[in-house]
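Next come two complexes built around subunit A: one with subunit B, the other with subunit C.
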Partner chain A sequence: MRDKVAVIGVGCTQFGDLFEKSYEELICDAAFEAYADAKIDPKDIQAAYLGTYLPGPGGGKSATSLGDALRLYDRPISRVENYCATGTDAFRNACLAVASGTYDIVLVVGAEKLKDRPGRGLPRFGHPLLAKGNSAPGLFALAANRYMHTFKIGRDVLAKVAVKNHYNGARNPRAHLRMEITEEKVLRAPIIAWPFGLFDCCPTTDGAAAAIVCRADWAKRFRDDFVLVKGVGLAVTAGRPYFDPTFDYLGFRSTQQAARQAYEMAGIAPRDVDFAEVHDCFTWTELSNMEDLGFCAKGEAGYWVKEGRTWLSGDLPINPSGGLKSFGHPIGASGVRMIYECVMQLQGRCGERQVKNAEIGLAHNVGGPGAVSCVVILGLPS
Partner chain B sequence: MVGIAKHSAYVPRLRMSRTEIARAWGRASSDEGEVAVAKYDEDAFTLAVEAALTCIESMPQPPGALLFASTSAPYFEKQLSAFVATVCDLPRKTLCCDFGGSARAGLQALVAADAMIKSGRVDSCLVAAGDSRPALPESEGEGVLGDAAAAFVVARDQVVAELVGSASVSEEFTYFWRTAASPFVSGYLGKFSQTHGYVRDMAEAINALLAEAGLKPKDIAKLACHAPEPRAAVDLARKLGLDPKEQLGPLVTSAIGSAGTAECLLALGAVLDEAEPGQWILAAAFGEGADAILLRTTALVAEGRAGNPWKHWLDAKQHLPSYQKYLKYRGMFRDNEGGEVITNVLEHKELAQNVRLHGSRCKSCGMVQYPMAQVCISCRMAGNTEEVRLSRAGTIFTYTMDYLIPNVEHPLPMAVVDLEGGGRLYLQVTDFAEGEVDVGRPVTLTFRRLHEGGGNYNYFWKARPVR
Partner chain C sequence: MRDKVAVIGVGCTQFGDLFEKSYEELICDAAFEAYADAKIDPKDIQAAYLGTYLPGPGGGKSATSLGDALRLYDRPISRVENYCATGTDAFRNACLAVASGTYDIVLVVGAEKLKDRPGRGLPRFGHPLLAKGNSAPGLFALAANRYMHTFKIGRDVLAKVAVKNHYNGARNPRAHLRMEITEEKVLRAPIIAWPFGLFDCCPTTDGAAAAIVCRADWAKRFRDDFVLVKGVGLAVTAGRPYFDPTFDYLGFRSTQQAARQAYEMAGIAPRDVDFAEVHDCFTWTELSNMEDLGFCAKGEAGYWVKEGRTWLSGDLPINPSGGLKSFGHPIGASGVRMIYECVMQLQGRCGERQVKNAEIGLAHNVGGPGAVSCVVILGLPS
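Entry: the complex of A and B
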């Protein structure tokens, strides 16, 4: 599939506590921005994919939320839901649809309206007895504690990730939490699920993002600075890793396998990546992701962070957008938002947070926790 | 010979001091005593399960019958002996009965067990008694009632104390009661109830037993008795011609509060802990009359205790930090997380897994997994697994202390636990003190009330640090 699909337009709403916006308005804002960016008419869209964890209040467990919001009818629309990898997986499906030759131009939208819901946005699904008492931070904290116990690192290293991502997010006008924070503030915040304090956790956010993909040989019709899809990967591992006696809790096999697939398809190695948008739902997750994506060896991410190598000025900027930590994390929207960031970075449209000389960017989601991972590699035409 | 083969105790870790209760209500108190308090995830049923599991895990064969006794069972309608038997993974053919009504129901279950065996119906019988009786805040009973459980195995083999005889006295006498409409136990505490109820009836039953056996008071090594008001037990001993200092066994009420149906059994267990072979021992309990049994210890008496001896339970304690916490644990405020309804379809389908603690063992590679699965998570071999009961002993692989998830209190520790012999579970941790939840910490699985849903209680396994 390498170089067969191009991204010709992206859109993204403001992320945040969007109390005045509806689910449908978010979809419209993101999609129409992408239409304008690609300079195409909505009627040119042949198929669409909606990445959403929880559909809008008017839509059921289907793709109608997207069709109704955009009045995009009589076309194939599929809803993709795959935990926190929902957005990137929706994008991946759109790319496969184009690469198969079935469609020429496909719309992808990721949208989530968590703030309209009780229980911090995420209703609990799952077994009424087994794993009762789990929370999203609590599940990732299991891995963080085992990792920190094994590699002897402290909460101060995690805090440095938050400080860096808030620094980047403060320079991103569409980010949810646009303020810089200090390491001391991170360490003194109330504990949410040990070892995570408030600032180790991404916020609960509303937002939507969109991307339009088309067959690569048509891309020039829409713009000169189109971006090519180099590789995609998706891997599903144990949905309840906490019952898997073989799981070492030091990283996520789903990310390792999804990354392997994507690198292989793209024909590149991890060192060829110029910047990455990785799934920093919690500070520790960013460390693990860096290792699972092959940027450094297991247990070494902490040193990279301490040495500042992942800052905008470093040799591998991670989450120049501010990441989930600062930009926010509307579940299904996040992955498409990462695609938006990668495209904007590769096109040199990111202003203060621009990564210099970026030719290859990587987007990564992981959810479950660790059960599902999706990796997308984007690059400029060579 | 029929008698006691094994006995175990369970006392919840938490204690509330009587001075703290008095302080909460603006009263002065010189009473240094305390009562044992069930945690918010414990009730009379789970307390009894703890004691029953300890006994059963020490038995070579499962008992033929299981008798559950309580006056404060969490259900009016639902046979909890059958539920205890299921948690203990006993076979479906086990004969199960519930006993209740008054504090002497625990001892009466022991008497019934003896009769069941002597009748030839079963060879061994497990008696599990648990009580967690609620007292009205600021009432006299608040510093009197304590929570605990005991379990006894009565059998033909490996007898540590032979059941030589029993006697019973029954006549209406109002001392402690709880109407169907009241959540709280009431009592006419004081001198009259002690002399004209407790001492009169207990002495009558015990004297009848001694007369039948042809024994004199000096022949008795110890009297183990239920004694809601400790002073009455001393009066009873004197009336019987026993020396209260030498012949009266440990008074449970003085140590942890009056423990209802479990009290007499706990006292008997404490006596057996210290007994020598060949001694005569009496046990008696009161409630609209009294029951008494006479035992003679055998050469095996030192081997009767399953799990920790009585003295351990007195030391293994943790003080509740405040009266408010005590009220919360007592369920005086609405506080539990809203739980999901568990249909009886789901319960039925997953009973072996969720209650019997069964997992799947791969017959190809030996991997044990939980929850049960058809395909091995290690070698991916399909249709080649067998059902096995998992061990309750394990070690924390990793954990978190969660302050976010709705719960009665925070933090709520969640742990990934690797069990001895295989199987990895992910569970809530209960009965922990600061610093006790950590990677590598040994834990025991315990069956607790998890949450309420659809007007029913949902029970499941939790982990507690070994102490």
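Entry: the complex of A and C
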């Protein structure tokens, strides 16, 4: 599929507590920005994918929500759901649909309203052992503790990830938490699940993002600075990695496998990546992701962070957008938002948070928690 | 995409009240039958799609359920959801993935446990106007009444659809309601939503079905009697067709549009179809589907039924499997179960319910209700 599909337009709403916007309004805001960005007439969209994780409070937030919001009728619209990797997997399926030759131009929208779920929150996981109050912070914390013990790193290293991502997010007008924070503030925050304090956790966010993909040989009709889809990968491992006796609690095989697929398709190595948007649902996750994606060896990410190598000015900027930590994490939207960020960075449109001279960007979602990962590699035409 | 993808194996569980089987066991039963049918080693499956509509009572019935049930790890698995068209749309996406050249062999499983939802049932639709007790029988009944008034047909014609589908289902060892019924029994049954009595409605069913698709040029390695995917179509219309002022209550534009796409891709006309598995969630729906799929003109389906043309021995057998009415309707499974039936019919493996000399079969799901339809056309290599 390498270089057969191009991104010709992207859009993203403001992320945040968007009680004043409906799910359908968020879809419109993101999609119409993408239409304008691609300078495309919506009637030329031949098919669409909706990435959304949770059905709405009243049910029914599925393909017809996208159709109704955009009056995108009489065409194929599929909903794809894959835990926290929903957004990137919806994008991946849209790319497969274009690469199949069946559709020339396809819209992908990721959208989620997490704030409109009073008293309900995220669903518990079905396993009886997990039914009593286990949550994403609790599960990721188990791995973070093991990792920190094994590699002898303290909470101060995790805090540096939060400080860096908030620094980037403060420079991102669409981010949910647009403020810089200090290491001291992170370390003194109330503990959610040790070692994670409040500022080690991404927020609960509403938002939507959109991308328009088309066959690569048509991309020039829309813009000169289109972006190519170089590789995609998706891997599912044991649904409860925490109960898998082979799990070392130091990282996620799903990410390693999805990355392997994507690098192989793209014909590149991890060192060829110029920047990455990775799934920093918690500060620790960014460290393990960096290693699982092959940017550094297991246990080394903490040193990279301490040396400032992942800052905007570093040799491998990670989460220039602010990441889930600061940009926010509306589940189905997050992956498509990463595509938005990668495309905007590659096109040099990111202002204060711009990564210099980037030619290859990588987007990465992990969900499940830990069981499912999706990786997308985007690049400028060579 | 025409003729680029082949079905090399299918499987289907017994449908019914399967309290003794878990969701994962149903997935295994269907997938292992498909593996055996294709004579394939499961390790050769490169990617998978899961069609499931409702998350399980405890949540989390998604891609990892398929991965865990089949130990299908380190590979891509996506969940596709599209109301009652979930199964056929999962199949359609699997076909796109193969046609893209990214994966050579892909597994599709549709699965649903509807009986394990005590006190919960199907979710209500989110629209405030629909929130008070409106249900699938109620909504389809509105259209059925209008249709019957317009075309002057009585409940006896609907009853003939039920009698025919139960006749076929009684000859299908996997069917949920394996019994013949009489027209009198249908007409005397308690009314659910006028004009639908109990026997005008499909049952609530547990079940799973599976299909293995591969690139058509590889199909001969697995079997000589493989089946080609000739065309697919999916169309989304207004999410609440019943509130669309252009809706005539006589049929569904989503089916008309999905059929148009599928016929165009297959390069055939409706008259070329030798038999069809259509979405008879209610007896009336089978009539409108026949017309929306172009088998006869609007208002004519009742005459076809009265003349017996849709029986196994007729010139266009409809639902030789017994349909949703008798085979059952485990939502995400139904569409894949239709693929199973079409493939088995084309291969002449249907015993007592075998359609004679069939070369082209059509599968059709409608969901939403009425807003989303998916059509798949399968055929023998010419």
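Quick notes on this structure:
The rule we apply is simple: the second predicted complex is superposed on the first by the 365 of 382 C-alpha atoms of A that agree within 3 Å, B and C clash if a C-alpha of one lies under 4 Å from a C-alpha of the other, contacts with A are read in each partner's own complex, and residues count from 1 in each chain.
As a working rule, a residue touches a chain if its C-beta (ideal position, glycine included) is under 8 Å from a C-beta of that chain, and two chains touch if they have at least 3 such contacts.
As the structure is a prediction and not an experimental result, all values here were calculated from the model.
Applying the stated contact rule after C-alpha superposition, one finds that A:S65 touches subunit C and leaves subunit B untouched.
With both structures placed on the common chain, the touch criterion links A:A238 to subunit B and to subunit C.
If you count the residues of subunit A touched by subunit B and by subunit C, you find the higher number for C.
Of the two partner chains placed by superposition, A:G323 touches none, neither subunit B nor subunit C. Look at A:S78: by the touch rule set out above, it reaches subunit C but stays clear of subunit B.
Once the two complexes are overlaid on the shared chain, A:G207 sits clear of subunit B and of subunit C alike.
In the overlay built on the shared chain, the residue A:R146 is in contact with subunit B alone; subunit C does not reach it. Overlap of the subunit B and subunit C interfaces on subunit A comprises residues 131, 238, 240.
Chain contact summary for the complex, subunit A toward subunit B: residues 120, 128-135, 137-138, 141-146, 149, 190-195, 238, 240, 242-246, 249.
Of all the residues in subunit C, the ones that touch subunit A in their complex are 1, 4, 47, 55-68, 72-83, 89, 92-93, 95-102, 123-127, 131, 232-240, 253-254, 257, 261, 265, 368, 371-372. Every residue of subunit B that touches subunit A in the complex is listed here, in rising order: 339-342, 346, 354, 367-371, 377-378, 397-405, 407, 411-412, 414, 416, 418, 422-428, 439, 450-451, 453, 458, 460.
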